[in-house]
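Order of writing sets the chain letters: A, B, C and D. Residues in each chain are counted from 1.
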Amino acid sequence: MIIVMEAGAHKENVDRVIAEVESLGYRAHPLFGTDRTVIACLGDERGKERIQTLDSLPEVERVVPILRPFKLSSREVRPETTIVDVKGVKIGGKALVVMAGPCAVESREQILEVAHAVKEAGAHILRGGAFKPRTSPYSFQGLAEQGLKFLAEASQATGLPVVTELVDAHQLDMVQDYVDMIQIGARNSQNFFLLSSLGRAVKPVLLKRGMMSTIEEYLMAAEYVVTNGNGNVVLCERGIRTFETYTRNTLDLNAVAAMKKLSHLPVTVDPSHGTGRWDLVPPMCYASVAAGADGLLVEVHTHPDKAVSDGPQSLKPEKFQAMVKTLRAFAEAAGRTL
Amino acid sequence: MIIVMEAGAHKENVDRVIAEVESLGYRAHPLFGTDRTVIACLGDERGKERIQTLDSLPEVERVVPILRPFKLSSREVRPETTIVDVKGVKIGGKALVVMAGPCAVESREQILEVAHAVKEAGAHILRGGAFKPRTSPYSFQGLAEQGLKFLAEASQATGLPVVTELVDAHQLDMVQDYVDMIQIGARNSQNFFLLSSLGRAVKPVLLKRGMMSTIEEYLMAAEYVVTNGNGNVVLCERGIRTFETYTRNTLDLNAVAAMKKLSHLPVTVDPSHGTGRWDLVPPMCYASVAAGADGLLVEVHTHPDKAVSDGPQSLKPEKFQAMVKTLRAFAEAAGRTL
Amino acid sequence: MIIVMEAGAHKENVDRVIAEVESLGYRAHPLFGTDRTVIACLGDERGKERIQTLDSLPEVERVVPILRPFKLSSREVRPETTIVDVKGVKIGGKALVVMAGPCAVESREQILEVAHAVKEAGAHILRGGAFKPRTSPYSFQGLAEQGLKFLAEASQATGLPVVTELVDAHQLDMVQDYVDMIQIGARNSQNFFLLSSLGRAVKPVLLKRGMMSTIEEYLMAAEYVVTNGNGNVVLCERGIRTFETYTRNTLDLNAVAAMKKLSHLPVTVDPSHGTGRWDLVPPMCYASVAAGADGLLVEVHTHPDKAVSDGPQSLKPEKFQAMVKTLRAFAEAAGRTL
Amino acid sequence: MIIVMEAGAHKENVDRVIAEVESLGYRAHPLFGTDRTVIACLGDERGKERIQTLDSLPEVERVVPILRPFKLSSREVRPETTIVDVKGVKIGGKALVVMAGPCAVESREQILEVAHAVKEAGAHILRGGAFKPRTSPYSFQGLAEQGLKFLAEASQATGLPVVTELVDAHQLDMVQDYVDMIQIGARNSQNFFLLSSLGRAVKPVLLKRGMMSTIEEYLMAAEYVVTNGNGNVVLCERGIRTFETYTRNTLDLNAVAAMKKLSHLPVTVDPSHGTGRWDLVPPMCYASVAAGADGLLVEVHTHPDKAVSDGPQSLKPEKFQAMVKTLRAFAEAAGRTL
C-alpha cells in the first residue's frame, strides 16, 4: 500500500499514520516529496484491508493498493494453465471445447432434440438451464428438478457431459447428482454465499463473469471457490454492461487475453449473451478463439422463435454446424485443435 | 409490442409473423409505411415474453416493447405512496426517516456505542451487517448469528428498530426473529431466488438497487417480492457503476425523482455507498431529500479508521449529528418533517 | 509516481528503471517488499508524462501516479472560490445564479418571448444556441450569426446578459462581440484546440462536462482554458453517459460536491440535459442547490412541443416560475440567496 | 415513430397528438390497446425530429423511433462494401490493410526509422500524429506542420501512404497537402463542425469511434462526412469507455460485426488504444480480423519507453513483425489475404 497525505499535511498527522501502519504489522517508509508526503507500507497487503481504512485519518488523501488481491487463481502462483476435466472432456488444453444447447430446458422432447443436434454438429458438452433467474417474476422460471432429469437423460442418450446453472447453495447436492459441471450465472457472480458453498462441490464449476464485474473482481469471485477447496473453475466471459444498446451486452475480448495472462484458470466465452443477436454469434465465436479462448458456450435451439427464453440470441442447429465448421480454420490459426 | 420488419421484407414473412402473433393470443395490426412494414400487437404484453422471441423469425428487424413490465409496484395501479411500518417507524409519509449505523457489527461494545450515538443524533432506525458479502474471500465476513444477537440487544437498549442484510433464503426465519427489517444488498438485487423467498417474510424489506440495475430492472426486482406476497418494500438508491473513479459509485438522484413518479413504494438513499467518501456524504444527504427521498441510510462509526469494512465512507457521530441538524432546513424546504 | 515491478523482477531490470527515472530528473527510491519491488519517484510529476511510459520497460508491471494532474484550477493553489462576473452577474458568491432560455434560438419572436418570460420568472442570465451541434446532419443546425443578433436584441430588451455556445475557434471574436459568456458544449469538452483558443477570450467561459469525462479529465479541460490565460471559467455538470436508459443522461451530483472540494472554480448544473425529461428538472434543480451548486442552467421554451430541439426536456415558463419560487427555500437551507 | 400515450389518456389529448402528427405531414394511425393508446405515425421519419418533441404534449408517455437514422452510410442503400483507395492501397476489399506507426511524430529520425521498420514488417500505410489532442495542457502537443513535413518525407522514402489526424477544420487544406488520408480522433467524433468540413476534403477520411458513441451515433458521425460530399470514409473501432480499469478502453468487437452488417463502409480496428497495453495488442489484432475487420491500425515505436505519448501501448518493430506473421493464418481463415 501507498498512503498519500494531503498537501501541507502536519507532522503529527504523518506520525499518527506511521504509528497506525506499524501497529498493523507493516513497516512504514515515509517519502518526503516536493508536493506531498507519501508513506509506503511494506508487508503482504492481501487480505489485510485494515490499511485501506486509514484514509479516514486526518490529512490522508488516499490509499493506493499495489498488489492484485487474488492469489490462488493467479498465474504467479501457478504458471501452467489448469486443465479442468468434465467427465473426460478437458478444458484448458490444446483442444478447444464447445458447449452448446438451449437457454432453458423446456421439455423432454426439446432437450433430446437439441442434444442430438449439437452433438452431431460437433459440440463436446451440453448446456441447458433447469433453474432460470429471470428479470421478470412473470417469466418462465424453469422446470427445476424435472429439468435436471431430462438433462441427465439427454446426457445418457448422447454421451455428452452436461452443465447447468445452480441458484441456491442448498440445492448443490441435488444438482450435482444429475449433472457434470455446475454453472454460476452472471447475476450471481457476486453472490458470495453461493460461491463459498461451491468449495465443497465435487463437480467442476463454470463461473460466468458478472455484467458489472471488473476483471479483478471476477478473479476474486473465482478465488472464493478455489480458496474454499474446489480448484476446478472454468472462467466464462459473457459480455459486460455498457452504454451501447444495439447489442444486449458488450463482449469484452480484451478480458479474455488479459485473464489468460493473469490467471491459470481456463477461459471460455459465451457470445450468445455477449451479443444477444444470433447473427453476431458466429463472428464473435471466431474472434473469441483468435483472442485465446479455451472454449465456447453457445445457445442453440431447434425452434428459436418458440423458445421460452433468449430465442433472439439462439442459433439454429444448421447455423451452429456451419459455425463449427468455419471455426476449425481459426482454431488451427490459433494453434489449437477442434 | 411493435414488430419492425426489415426493409423490403417479403409478404410471406410478414404473413408468418402475423400468424404467430395471433396464435399467441394477440391481435396483429400491420402498418405499411414508406420504408418499413410495422406490425402492432394489441393485448396485455406483460409477462408474455413469447412475442419478444419472434425477432428470430425471418426478416424481422426488431421487436419493441411498449408497456413498462412492472405492475404491482407501479403508481398506475396504486396512486398513493405506500407507507411501510418498521416497528412503529413509518417510511413514506411526511416525516423523513434516517437509518444509521456501522457497515458491520464488529463487537457488542461497538454496536452499542454506535447505537446510542446515532439515536442521540436523531436517527430513527439502526443499521448494521451481521452477514457481509465481501469482494474478497480474505476479508471479514461478519459475526453471523452472534452479530444478530448484538443488534437485538442494541435495539432493546436504545428503542431503535434494526435493519440487517440477509444473504441466504434459508436463514430468513432466523434473521427475522432478531430484526425489524430485512435488507437485500446491491450484489443480490438480481438474486431472484432470494427475492422470491421474501414473499413469505413477515418483516418489511429494504431492497437496494443493484449497481448494474436500470430503474426498470430494479422495479422488477421489487416486483418479485411484492408479487410473492410481501408489499412492504422500501427502495434504496445506493449508486450505480460508471466510468467515474473519483467516487466509489455514481449516486443516481435522477432515479429517486423517477421512481417517486413511477412507483408507489417509498424511496430512500444510501449516500455512503453512493459516494464512498465520508466528506461527500452530508451534501448528498441534503441533495437526496431535495430530490424527493423519503429517507436516508447512512454509515456511522465511532472509529472509522479502525472499522473492519467501509471506514472511508463512514461518518463519525459528531459529523453525523451536524448533518442531521443541517438536514432539517432541507426537509422543511421539501415540505417534510424531521 | 510509484513504479511497481513484476513479481520476481531481476536486479538488472530494477536498476535500469532506476537509471531511467533519474535520467528524467527525479530521485528514485526503491523499496524491496515481500512480493514486489516498488520504486518511488520523487519530484513534481505534473506535466512530466515521460515516467508514465516507463511501463514499457522489461518487468515493469505498472506505473501509479500520485498527484492529481490539474494545478491552476485546484483549490490547493487558490483556497477561496473564484467569482466570475458576467456583465455584472456574479457566479460563485453567496447568491445563486439561474441561467435559462431555449435550447436553440429559432426566431426573433421566439427568443424575445422566452427572454421576457424567464426574466419575469427570476432568471439572471439568458441562454440560447445559435450554433447547434446535432447528432444528425439532417437536424436543425442553428441560425448562426443571425441567431447571435437576435440574442443580443433579447439581451438589450430585458437587460439579461446572454450565454451561447461556440463550436469553432475561428468564430470566437465574432461570437464574443454579441454575447457575454461563451459556452463550450459537452461534445467539445475534449476539443483541446477549441479549449486552448479560449485563453485569449475576453469573455468568461461556461464549460460543460463531457458526457464521458471523469471529474479529473474535466478539470484538465478547464486547465486548458486557465493555463492559456483566461481564469474566468464556470464549470457545469450536465450528466454523464451510463447504462441507464430511462433518463437521457445520469446527472452526477457527487461531482458537484467533489468539484467544490477539488477546485476553486464555480460549479453550476444543467438538469435539463442531465435528465432529458422536463418533469424531473425541478427536483434535480433543488437537489443541485442542496449538493452545493453555485447556479443552474435550465431549458425553458414557450412551446416545447414545437421546439426544433430538446423540447422534451424544456420547461414551460409557468413551470419554470414555480420551480424558481420553490427553489428559494432550498437556497436558504443551503445558506444562499436567490 | 410510435407515440405511446399514458394509461387513461383523455380523448382530447389523443386527438391533439393526432392533429399535430398530421400537421407535420405524417399519417397518424391510432391503436386502442387494453392498457394504452398507441399512435403509429407513417412517413419517412429520418431528419424529421419534430415528432420526437411531441412527447412534451399532455399525457404522452414517450415517442419510440422505428427507423435507424442513418441513410447514406447504410447497407440498405448500398449493399456492396465501399472500397476506399488510399493512394493505391484499397481498404474494404479482400486484402487486409495494416496501418502502423508511432502515436506522435517526434523527430525526423524517429519517423523515418519507424516508417522503414513497419514497411519491412508488412504494413501498408504509415500512421503518425502531428497535432496531438492531449488530456493535459502540459503534455506534448505535436510538431504541427513540421511533423507533417517529416511524415511526407517518410512516405516518400518508403512508398507508404500516410494518415494523420486533423483537429481544426481551417487546417484541412494544409494537412491534405501533405498526407493521403485524414484521421478524425475519438475526442472529435462528435465535433460536427469539423466533420462537416470534411465533405470538401479530396482525401479519404479515417473516422474513429468516440469512446462514448453508440454504434448508431457513430454511423451518424460518418453520415455527416458522406452527406457533405465525401463518401470515402473508413470506420475505426478503438474501444469504448466502460467501468473496467485494467485496460485503457474496452475494445468492442461486437461493433465490428454489427457495423459490417449495418453499413457499407469499411471497418478497421485500433487495438492499441482499444487495450492500452502492448501485450494485449497481438491477440486483439487476431480477434479483430476474425470478427470481420477490413484492416488494423497499430501503434509501433522503436523505443516505446522513450515515446512522448502512448508508449505503454506501442509494439516494438520485432513484436509487430511477429504479429503480422501470425496474422496471416487468421486472415486466411477469414477468407482474406494479407
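Points worth noting:
Everything that follows uses one rule, which is that a residue touches a chain if its C-beta (ideal position, glycine included) is under 8 Å from a C-beta of that chain, and two chains touch if they have at least 3 such contacts.
Note that the structure is a prediction, hence the values are computed from the model and not measured.
Among the other chains, the CA centroid farthest from that of chain A is the one of C. Counted by C-beta pairs in contact, the busier of B-D and B-C is B-C. Mean C-alpha position of chain A lies 25 Å from that of chain B. The mean-CA centres of chain B and chain C are about 30 angstrom from one another, to the nearest whole unit. Chain B and chain D have CA centres that are 38 Å apart. For chain B, the set of residues that touch two or more other chains comprises 212, 241-243, 245.
If you sketch which chains touch which, every chain touches every other chain without exception.
Residues 2, 4, 7, 29, 31-36, 38, 40, 42-44, 64, 66-67, 76, 241-243, 245 of chain B are the ones that touch chain D when the two sit in their complex. Within the complex, the chain C residues that touch chain B are 212, 214-216, 239-240, 242-247, 250-258, 260-261, 274-275, 277, 279-280, 283-284, 286-292, 326, 329-330, 332-334.
On the chain D side of its complex with chain C, the touching residues are 20, 46-47, 49-50, 52-57, 69, 131, 133-141, 167-170, 187-188, 190-193, 196, 210-212, 217, 220, 223-224, 227-228, 241, 278, 304-312, 314.
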